[in-house]
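Chain nomenclature is as follows: A, B, C and D, assigned in order of appearance, with residue numbering initiated at 1 for each chain independently.
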Amino acid sequence: MATTRLAIDAHEIRRQFPFFQPHPEMRSVIYLDNAATTQKPYAVIEAVSHFWAYQNANVHRGGHGAGAKASALYEAARECVAKFLNAREPAEIVFTRGTTEAINLVASSWGETFVRAGDEIIVTEMEHHANLLPWMRLAEKQGATLRVWRITDDGRLDLDALRALLTERTRLVAVVHISNVLGTVNPVAEICRIAHEAGARCLVDAAQSIAHMPVDVQAIDCDFLAFSGHKAYGPTGIGVLYAKRALLEEMPPYQVGGGMVRIVSWERRQWAEPPAKFEAGTPPIGEAVGLHAALDFIDSLGREAIAAYEHELTEYALRRLQEVPGLRLHGPVPDRAGIFAFTLEDIHPHDIATVLDTRDVAIRSGLHCAHPLGERLGGATARASLAVYNDTSHIDALVEALHTTRKVFGYA
Amino acid sequence: MATTRLAIDAHEIRRQFPFFQPHPEMRSVIYLDNAATTQKPYAVIEAVSHFWAYQNANVHRGGHGAGAKASALYEAARECVAKFLNAREPAEIVFTRGTTEAINLVASSWGETFVRAGDEIIVTEMEHHANLLPWMRLAEKQGATLRVWRITDDGRLDLDALRALLTERTRLVAVVHISNVLGTVNPVAEICRIAHEAGARCLVDAAQSIAHMPVDVQAIDCDFLAFSGHKAYGPTGIGVLYAKRALLEEMPPYQVGGGMVRIVSWERRQWAEPPAKFEAGTPPIGEAVGLHAALDFIDSLGREAIAAYEHELTEYALRRLQEVPGLRLHGPVPDRAGIFAFTLEDIHPHDIATVLDTRDVAIRSGLHCAHPLGERLGGATARASLAVYNDTSHIDALVEALHTTRKVFGYA
Amino acid sequence: MLNELYQEIILDHYRHPRSWGELEPPKITQEGFNPSCGDEVILDLRLDDGRIEDIRFHGRGCSISQASASMLAESVKGKTLEEARALIQQVLALVKGEIEGDPETLGDIVALAGVRNFPVRVKCATLAWHTLEEALKHADSYTDWGVK
Amino acid sequence: MLNELYQEIILDHYRHPRSWGELEPPKITQEGFNPSCGDEVILDLRLDDGRIEDIRFHGRGCSISQASASMLAESVKGKTLEEARALIQQVLALVKGEIEGDPETLGDIVALAGVRNFPVRVKCATLAWHTLEEALKHADSYTDWGVK
């Protein structure tokens, strides 16, 4: 694979990550669990440390210069996210703890206001629990109906199936951008267009796409989009809900407390404008600074370049994995993202992961928080997932370790 | 003031904080806005950086050694909090984003399950919005009644007034441990006892007490207690809900998503056990590591010693503030915590804060997210608040700057 | 620097606000609010024949926001909408340090230039002016001055 | 190290579990679940006269958890409650590395000692044993073995 043709040099990029530097206390790991969380570059760690050390203060309602500076940093992070997503304005960006909270916020605030008994919500069969359980619960609470958009046998979504599911009662289509199990890249812009034609809103779970390809909310024309900082080279404790301004205006607050209210008396309350209306209490300030640095890191490489690089690496991985006897890969081939869920002979995925771990290859095993999909696929899988710092040598090590696993379990 | 008598040496403690070290880019600040957020010691910043650099992985559902280690660190933080609060077991500790989310969780999960039309909730007149708005909203939603426990003119709570408010319909008493405006230290153990006698639950907002005095949930016998990491020398993005195990068992989940569910199929769901049941999605892992280091920092000084030191400092501040002509201090004297909300002549608090800021004394001004209390006190106030790294020289600088403020505004 | 911010004339407007209060209907009422510090300015306007026939304000907040509102009320009364809009732009530019203020045309208002060294306080000084700007935006759409 | 973990005997129990399945009622059913990896073991027991008269298991999970359950079922069948409880303690101690296992008395079970070097997998090995421990805790409170 001619990585030189591409702007991305994974070896050079790894130098920007302490996790990949030799360290006396740590064994060096081939990290292929990026769908769970990514490692953090020095730039992110240092931005956060610098904030705690020298810039720390609470935001909102000033009083002193340090507070004003911290508020400015926090709002600069919001502007950075708005630009990163091509939102129309920073007010469309609400900071949350992560993807899960962002979707819970929508299900609770928007859902309980606009979804009524007899209405319908469409979720796909490949959703992560984060984009499934909130809708299941909302449907139960409101007496609405959950419609499941089944996947095809090769792990894709069929747009005609969506058209057949949509009715005039459909309020929302909830769809993952890239499946965290199958690696399927869903045509979210088309899905939004079809949903809108039927008068439904569309929410896109971008947890797995945000760090791996360009994500433009105006091009997709989604109503809501969610992602987590920690899967995009940023810290935990922060995520983003993007929502169209008009929706945020008509949604009631989610959590209530300080900072999201203009006036409170025993008789009346007046909420703040969005996005403040949805950010009760002290927000994740240091984490927002870290997310800002993480998105700058991604932009320093270029999302087109990242996508192209990871695409080539994915093609390589598909070729190499298919060489392993008894390996059964889920999800579409060849057109897919760098997330590979598989089984190997009758070896339980936890055992695969354990053997790989002894070879310092870090993957994940289980149902990957997508149980209904897991059932459809026949149970637990082992999952390797790529990020921009991985290269072909990591795939080689993975394949090598899979051969070892076969041997340990007595396969020739 | 004979600081030598005490184990606390604030000057020595400040050496543990980068914020108080000379720095080429920063002016050194006399930081008296600790009720908003505290500064962070090196130990916390380094624990967090070390985690991001070398220990980072997602928790839950292992697969590799790094994930197991990160999970162990996350659960060790929970154990640390449990010990710190003297909870019966780590399962009584739920990690949240902060105090605000913790109370929203209780109001939503416990409140919507156990508070019915006609029931009553008692909140005090000195509550922060975080312990007020969730109950206002719950009362509206459920058709319950909010009863306001008024403060006395010297800013205290009268227990007989509580007894008079309690009825057999009272489900909850929500009370702040230390008022973030008045500095009042409320007798929460007695309040819980009285509430329990009437068959009500009691929630304690410990945001302002957690870093300043011993807080023992078994001694207080509260049903719920909440605090934020960032006000206890830890990072933003993390806070704690303590709740008695039996309550957590009978409460439904708050947010739903990955990690808080055992089984999900299209037909059925089975929630995980507490505390996992209340921690949907990727939790604030790095932040938990930071909170662990922060509580270790507090314990390294000793909470009794901190309380004794801050008590002496508070006495000194009360004496010195009373020397400033035209200064009107709110809250009880002398028996109170180191939070001083005041007005000065007819000078607007924002102007006081601005003048102080030019003298590098950082305080806060406004209504401090406690609007109903603010109304009672006659509007905005300036607020100075102490932490363990402050000393008498800081109080002197504050008083000096207040004299300057008088002069700028034409007072002799 | 402090003395520039808190000039005598500012404190005088703060302590003795001009045109304080509310107008009787019919009127236009426009509320201004600074969420970052809680300052509030409410303007009551009566327009007639393309002019600001009368104006009052009330509100609460720091000396800068209230003095600025007082100066505004004093200076725009009697002006045409066009003149008022031009003045708003001039004051905003002054406060942000984009132009130097001419005491001849601006009068007391030049004192607001003192906020330039206090970035956090710029919003206090501009609050009333942005509020008026907002009120005048809708001026053409009012048929009856008493009802919005 | 790996070869110690995945000994032939473990793989054999994994692939050919002994006593797999469910009992007909009356029986005691106890479910065991490892939330950190999702492993599941369900034990069906019939007690009689202070003895484990019959036992079956089913579940899903890794080779360690399933092999361990299979070994458990094979070894405790016919034992008195007291003997079973003693065996549980012995196995837990073995797996945690507190004692060395005696192949004479433990048989295949000694193979479980291989998890010692894999802290994350210890819970897989102990799952079935903790599940049995839990089931026997309630043993005295059952009057009718078919109903809990």
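The rule is short, and it goes like this: a contact is a pair of C-beta atoms (placed from the backbone, for glycine too) under 8 Å apart; a residue touches a chain by one contact, two chains touch by 3 or more.
Since the structure is predicted, the reported quantities are computational estimates derived from the model, not experimental observations.
K.L.:
Compared with chain B, which chain's mean CA position is the farthest off?
P.N.:
Chain centre farthest from chain B's centre: D.
K.L.:
Once you find the CA centre of chain C and the CA centre of chain D, what distance in Å lies between them?
P.N.:
Between these chains, centre-to-centre, one finds 80 Å.
K.L.:
In whole angstrom, what separates the CA-based centres of chain A and chain C?
P.N.:
Averaging C-alpha atoms per chain gives centres 47 Å apart.
K.L.:
Where the CA atoms of chain B average out and where those of chain C average out, how many Å apart are those spots?
P.N.:
Distance between chain centres, rounded to whole Å: 39 Å.
K.L.:
Among all residues of chain D, which ones touch two or more of the remaining chains?
P.N.:
Touching at least two other chains: 37-38, 120.
K.L.:
Which residues does chain A have that touch at least 2 chains other than itself?
P.N.:
Touching at least two other chains: 61-62, 65, 350, 365-366.
K.L.:
What topology does the chain contact graph adopt: line, ring, star, complete, or other?
P.N.:
other
K.L.:
Kindly provide every pair of chains that touch.
P.N.:
Listed by label, chains in contact pair as A-B, A-C, A-D, B-C, B-D.
K.L.:
For a test of understanding, state which residues of chain D touch chain A in their complex under the given definition.
P.N.:
1-3, 5-6, 8, 11, 14-15, 37-39, 60-64, 66, 118, 120-121, 124
K.L.:
Would you tell me which residues of chain C are touching chain A in their complex?
P.N.:
33, 35-38, 119-120
K.L.:
Hey, which residues of chain B end up touching chain A in the complex?
P.N.:
Residues 18-19, 23, 25-26, 29, 31, 33, 36-37, 39-40, 44-45, 48-49, 52-54, 56-58, 61-67, 97-101, 103-104, 128-130, 132-134, 136-137, 148, 228, 230, 235-238, 255-259, 261, 263-266, 269, 280-287, 350, 353, 356-357, 361-366, 369, 371-372, 375, 382.
K.L.:
Mind listing the chain B positions that touch chain C in their complex?
P.N.:
Interface residues on chain B, with respect to chain C: 346-351, 354-355, 358, 365-367, 379-380, 408-410.
K.L.:
Under the definition above, what is the set of chain B residues touching chain D in their complex?
P.N.:
Touch list, chain B to chain D: 60-62, 65, 68, 71, 262, 272-273, 276.
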